[in-house]
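Note that the chains are named A, B, C and D in the order they appear, and that numbering of residues resets to 1 at the start of each chain.
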Amino acid sequence: MSREFDLLITNADVVTASDRFTCDIGVRDGKIAALGTELGTASTVVDAQGLLVLPGGVDAHCHLDQPMGFGVKMADDFRSGSRSAACGGTTTIIPFAAQAKGQSLRDAVTDYHQRANGKSAIDYAFHLIVSDPTEHVLQVELPELIAQGYTSFKVYMTYDDLKLSDGQILDVLHVAREAGALVMVHAENSDCITWLTKRLDEAGKTQPKFHATSRPQPVEREATHRAITFAELIDVPILIVHVSGSEAIEQIRWAHGRGQKIFAETCPQYLYLTEADLDQAGYEGAKCVCSPPPRDAQNQEAVWRGLANNVFAIFSSDHAPFSYEDERGKKLKGKEQKFQYIPNGIPGLETRLPLLFSAVSQGRIDLHQFVSLTSTHPAK
Amino acid sequence: MSREFDLLITNADVVTASDRFTCDIGVRDGKIAALGTELGTASTVVDAQGLLVLPGGVDAHCHLDQPMGFGVKMADDFRSGSRSAACGGTTTIIPFAAQAKGQSLRDAVTDYHQRANGKSAIDYAFHLIVSDPTEHVLQVELPELIAQGYTSFKVYMTYDDLKLSDGQILDVLHVAREAGALVMVHAENSDCITWLTKRLDEAGKTQPKFHATSRPQPVEREATHRAITFAELIDVPILIVHVSGSEAIEQIRWAHGRGQKIFAETCPQYLYLTEADLDQAGYEGAKCVCSPPPRDAQNQEAVWRGLANNVFAIFSSDHAPFSYEDERGKKLKGKEQKFQYIPNGIPGLETRLPLLFSAVSQGRIDLHQFVSLTSTHPAK
Amino acid sequence: MSREFDLLITNADVVTASDRFTCDIGVRDGKIAALGTELGTASTVVDAQGLLVLPGGVDAHCHLDQPMGFGVKMADDFRSGSRSAACGGTTTIIPFAAQAKGQSLRDAVTDYHQRANGKSAIDYAFHLIVSDPTEHVLQVELPELIAQGYTSFKVYMTYDDLKLSDGQILDVLHVAREAGALVMVHAENSDCITWLTKRLDEAGKTQPKFHATSRPQPVEREATHRAITFAELIDVPILIVHVSGSEAIEQIRWAHGRGQKIFAETCPQYLYLTEADLDQAGYEGAKCVCSPPPRDAQNQEAVWRGLANNVFAIFSSDHAPFSYEDERGKKLKGKEQKFQYIPNGIPGLETRLPLLFSAVSQGRIDLHQFVSLTSTHPAK
Amino acid sequence: MSREFDLLITNADVVTASDRFTCDIGVRDGKIAALGTELGTASTVVDAQGLLVLPGGVDAHCHLDQPMGFGVKMADDFRSGSRSAACGGTTTIIPFAAQAKGQSLRDAVTDYHQRANGKSAIDYAFHLIVSDPTEHVLQVELPELIAQGYTSFKVYMTYDDLKLSDGQILDVLHVAREAGALVMVHAENSDCITWLTKRLDEAGKTQPKFHATSRPQPVEREATHRAITFAELIDVPILIVHVSGSEAIEQIRWAHGRGQKIFAETCPQYLYLTEADLDQAGYEGAKCVCSPPPRDAQNQEAVWRGLANNVFAIFSSDHAPFSYEDERGKKLKGKEQKFQYIPNGIPGLETRLPLLFSAVSQGRIDLHQFVSLTSTHPAK
């Protein structure tokens, strides 16, 4: 005889990444204990007749309570961020524990656990950001942290305070290969952005819309090709994060055709925004500044095709929220409104799932693809 | 309180195309009624501790009891074929109801149901083979049969008794689009095969190994490109069956990159045989004659990559068995041992799953890919 | 001491397909006898100071005095056609001697020589059109004609009165390979055009603009891929004529990358017209009906890129002129104004060179490319 | 009446990059004064009956008298180098005036003119090597030198004493665009080579053959893609020098397809050597050390295809000769025989033309391609 459930959801139209069936769901102690029919009794019974029941979302790329340069603070800590995630159907978040240059990686992890401790409304875990891969980090800290379950970390090919040299990226990839971890790569060519930004600045082209001009698609495509080459040389999978358009996609598809294990991620901003959104009056354009920048309608189509056709393994928010009432706002209000000083990032924890679900309604992707893209991570 | 089960499988390591979890499985009336823990009692309990429990295999491409030209009979009827499938872990088969030229499609369906009736040890359904798309077939029979659930049918671009013209294929695709059915395509250029076969015959090159010479990869690649073009013009998905190597794969990947919904299938013979297997003494070479023919080691690798990298949606046997004690055998034993008279096809219903599972053991594909490739069909 | 010249052109800025130099040009008996400085004396001296001197144009793809279906006549015979060519800077034309189905190829050649005899103002030669490759044609007539210098011939993949089957094309390519001749291919899928035309006709979409709708790019791309495959199987170069846009170009570039010798040709209509030109009032749209049809601005760009980047070996007119005062005109004026009855073809002998030269002025191609594209032929 | 010639070459079978004709050649004051028939008289007459007469070779990529690191000297100065070039049919050389880090570019030019002055047996000019693009170099020296005719310069993406950062390359390309000069790029990823070399060294893999292992094709392909991206961002042509195999070729062809003006060069070592040649006993392997390294037979084929199919604009020697009797020899004889200390480079000025001409004899390229590849330079 089956033990009574705490909660019984009846007549659920259950969809996983591969299957769909109608059944009851029995829950005990906050966990799904049984799927089936005639499962038994429960203290609480909810009838889900006519409703889809999907796995809770996993947002595997988001930033919470992460200090930025110039004294800018993020607008979300773990309390507010996790709540907005929950409101949007996401039940697990994986933000970053970011190492500052000169800092021990272990200290960064400790720091971020303190920031999160007792505040999150939902499950959470951490990716690491490796910005200073010293010999000690590579040989001691990173292997130890991987052994303790921190099996994914991100490297940057741009941003002065975060970027690694090509040789450092090879070092990190090598550790990942030895230890079986997954490296996420922010792929944009740093020198190109700096070069273009300087020219734009000299020409007085400093409004938010020139953020997009300063990092055109070839800048992302080049770094994507380079990252793929590093992964090929080390023979290890990588995850290219926040892919924005057709040119990076072309490189990823090319690598797939050669048999490389390259995972790719995209985000809502590359489906629903274009660079035209950066060209709005007042602060509105600045609110759409993220990197890589949104592209155009044709690239949106290319990203949609990639979602439908297995280019992308994952759909994340890259949540990085800033308030217009704090330093970012002051900066924008002050005389230094130049695009290169606007903190990069837009919010998305709460809206990620609803935005992509609208694509299911429109028939652009099917329900199984929706679940697969939103509730899993290649490093799991 | 839950109703008692007929069978309870405990401690199962359940793997679906997307998920993996340990649970008990309750079965009532031959169907899975519940997955979970503490499910209740059953008259029979089996402990699956340490064992994988996977969905039963679906072999969506096999030929049973299908008459061939020259009076050749297949070696399997529905009884023997379904038993060998069951022995290999396959619980559903989808063979073909093949229309002969001049025959009503409805009559073909009736005929095949009679062939199967009462004989199959497992579940079965039928794809149709459309070899004579008259106006009546296109406007009456096919739409009616689709409405009755025969939602997939195959067209041939080669074989004199089966092949359709380009225009006829467009007609069939158009019906599929209107009715929401899926067309499977055997893609090889008929004229090229005929032309090459004539040359080989004139040169006395008629041993089984020249079967491969008579239909080299470009012959398959060309027809694949052509079929993809037809699907593009009609704007309908298709399934390219039994893809043999890198050149057809290149075309399929190219279509994916353009956003077309092209499903692709491959078979064990393209992973485990090469054209060298056709060059064996006595009858042995003839036993490996199938179309397209097996290629070489490099193409095997390309097919493996395609399995790992989402080129293929499905892995089938293309089971088409012939005995060496019947007409095929007599033909081979007699003076007409020319490759062009050897019935095309090799068995595979029983060995399909074990062969692909060995790739899981070797780490070439993961368990979820195995389940996805072997127990589903795009037309479901 | 040098013999006196009939004509001396001094200070010429001479440009060939690869070189450029300033010199005098000495002419005797209608031929260039010397290039250089201080060449000697002449009865006539022309000072070319400040002028380019280029080789005379060769138009290697034009139709003159060729009978069409439905009793339609071409508007140019060899007299008028060769004069307009000369006026446009072309000094050699290579029109077609077209075999009708059932006709001897030799008779076709004799017929066309009679049509040309004594009429042409400039040099001429003939390509053959093979529309009926009987055993006699393949084994006797074609080899003999090739031996006599008719080393290039065209096959059609569309048009009911001209098209060959795939097997016939293989036969013709095989003869070309054995004898060292060059086959030109009109690449469009006949069945697709017929199928689309029937649908358009049923829908009452019969205005000239639907000519373009009835043969979209995939129809040309597919046939191009197929022709490339035939050339690969036979291992012989071919020339794909009148390439209209990016999709056929993609196939040609792909073949080049694989090392195949595929020559390609384009024409002024694919640089300067778009399908919008077919959508004009009255007869104007009909005047732009040619096959393949003009595409759009993006495809024009792709063709320009192909001219600059070695995709194309040759730039021809595909001159095929019709008058609006004769049968074509009557047809268009009558009730049968349907696009499918408009004779395909537009004039171009006179305008080919000036149109392409404007691209030199605009810097799209350089002078050497201009000369190479307009005064040579791969079969020479 | 024509002035008498110093030399008359009669009955010459003249071949240029685009034309072929039989004529006499009149020479005055060391220059070709006339091509034609019945040209007049000369003090010396040479009958070239039955002989090809081709333009003198231009070797646009060679190193002469260029100081190397570690005190190693090149084995050829301008006297010996120019003589061996002449013996091989080359009548013009374009070696490099190489700037050392910290040196004025103008001083480098002056220095190399002194090295060459009075020594060369044939015509010569200089490319520049820019290794230290200071503001003064970029804004003053380089524009002035370009204005004086030094219109081509090379940048390195590897070698510690020569390499530029991505930003510096963008700077140099920008100057080239403004002034209409051509930048040549040595494309290999420096960090990857350093990383792999360190690993090989640690593993004791230091024999000459590991030179090839330390810079595999992806290292060259990545840098090629990156250089193409820089050229795209600046919108300027570049010349990728010494392309070694299929992977870099794939990138160049890809850029061509997109309409970019990317010139490419290959060298005899990539047609006639493989990495197996580095694995010979004693010093023999070290004699084949050049960068990029020779690849394998399949890549040789790819380079041949590229020569026949317009991937390459130019075929140079990359002549960089070292003696085994000097420092290089001592180094190799001493205990530091590690591959990373072997000066990179092999001789080729004398053998370049005969080696490629053998390909004409074999029908791999035609005579016009031979002339075009060996006697021209994109920057002319």
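Keep in mind that, in the parts below, a residue touches a chain if its C-beta (ideal position, glycine included) is under 8 Å from a C-beta of that chain, and two chains touch if they have at least 3 such contacts.
Please read all numbers here as calculations on a predicted model, not as lab measurements.
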| Between chain pairs A-D and A-B, which one is joined by a greater number of C-beta pairs in contact? | A-B
| remark: By Cα centroid distance, the chain farthest from chain D is B
| query | How many angstrom between the C-alpha centroids of chain B and chain A? | reply | 39
| note | CA centroids of chain A and chain D: separation to the nearest Å works out as 46
| Multi-chain contacts in chain D: which residues touch at least two other chains? | none
| query | Which pairs of chains touch each other? | reply | A-B, A-D, B-C, C-D
| Touching chain A in the complex: which residues of chain B? | 1-3, 16-19, 26, 32-41, 250, 253, 256-257, 259, 301, 305, 308-310, 368, 371-372, 376
| chain A contact footprint on chain D (complex, rising order) | 165-167, 170-171, 189-192, 194-196, 216, 218-219, 221-222, 225-226, 229-230, 232-233
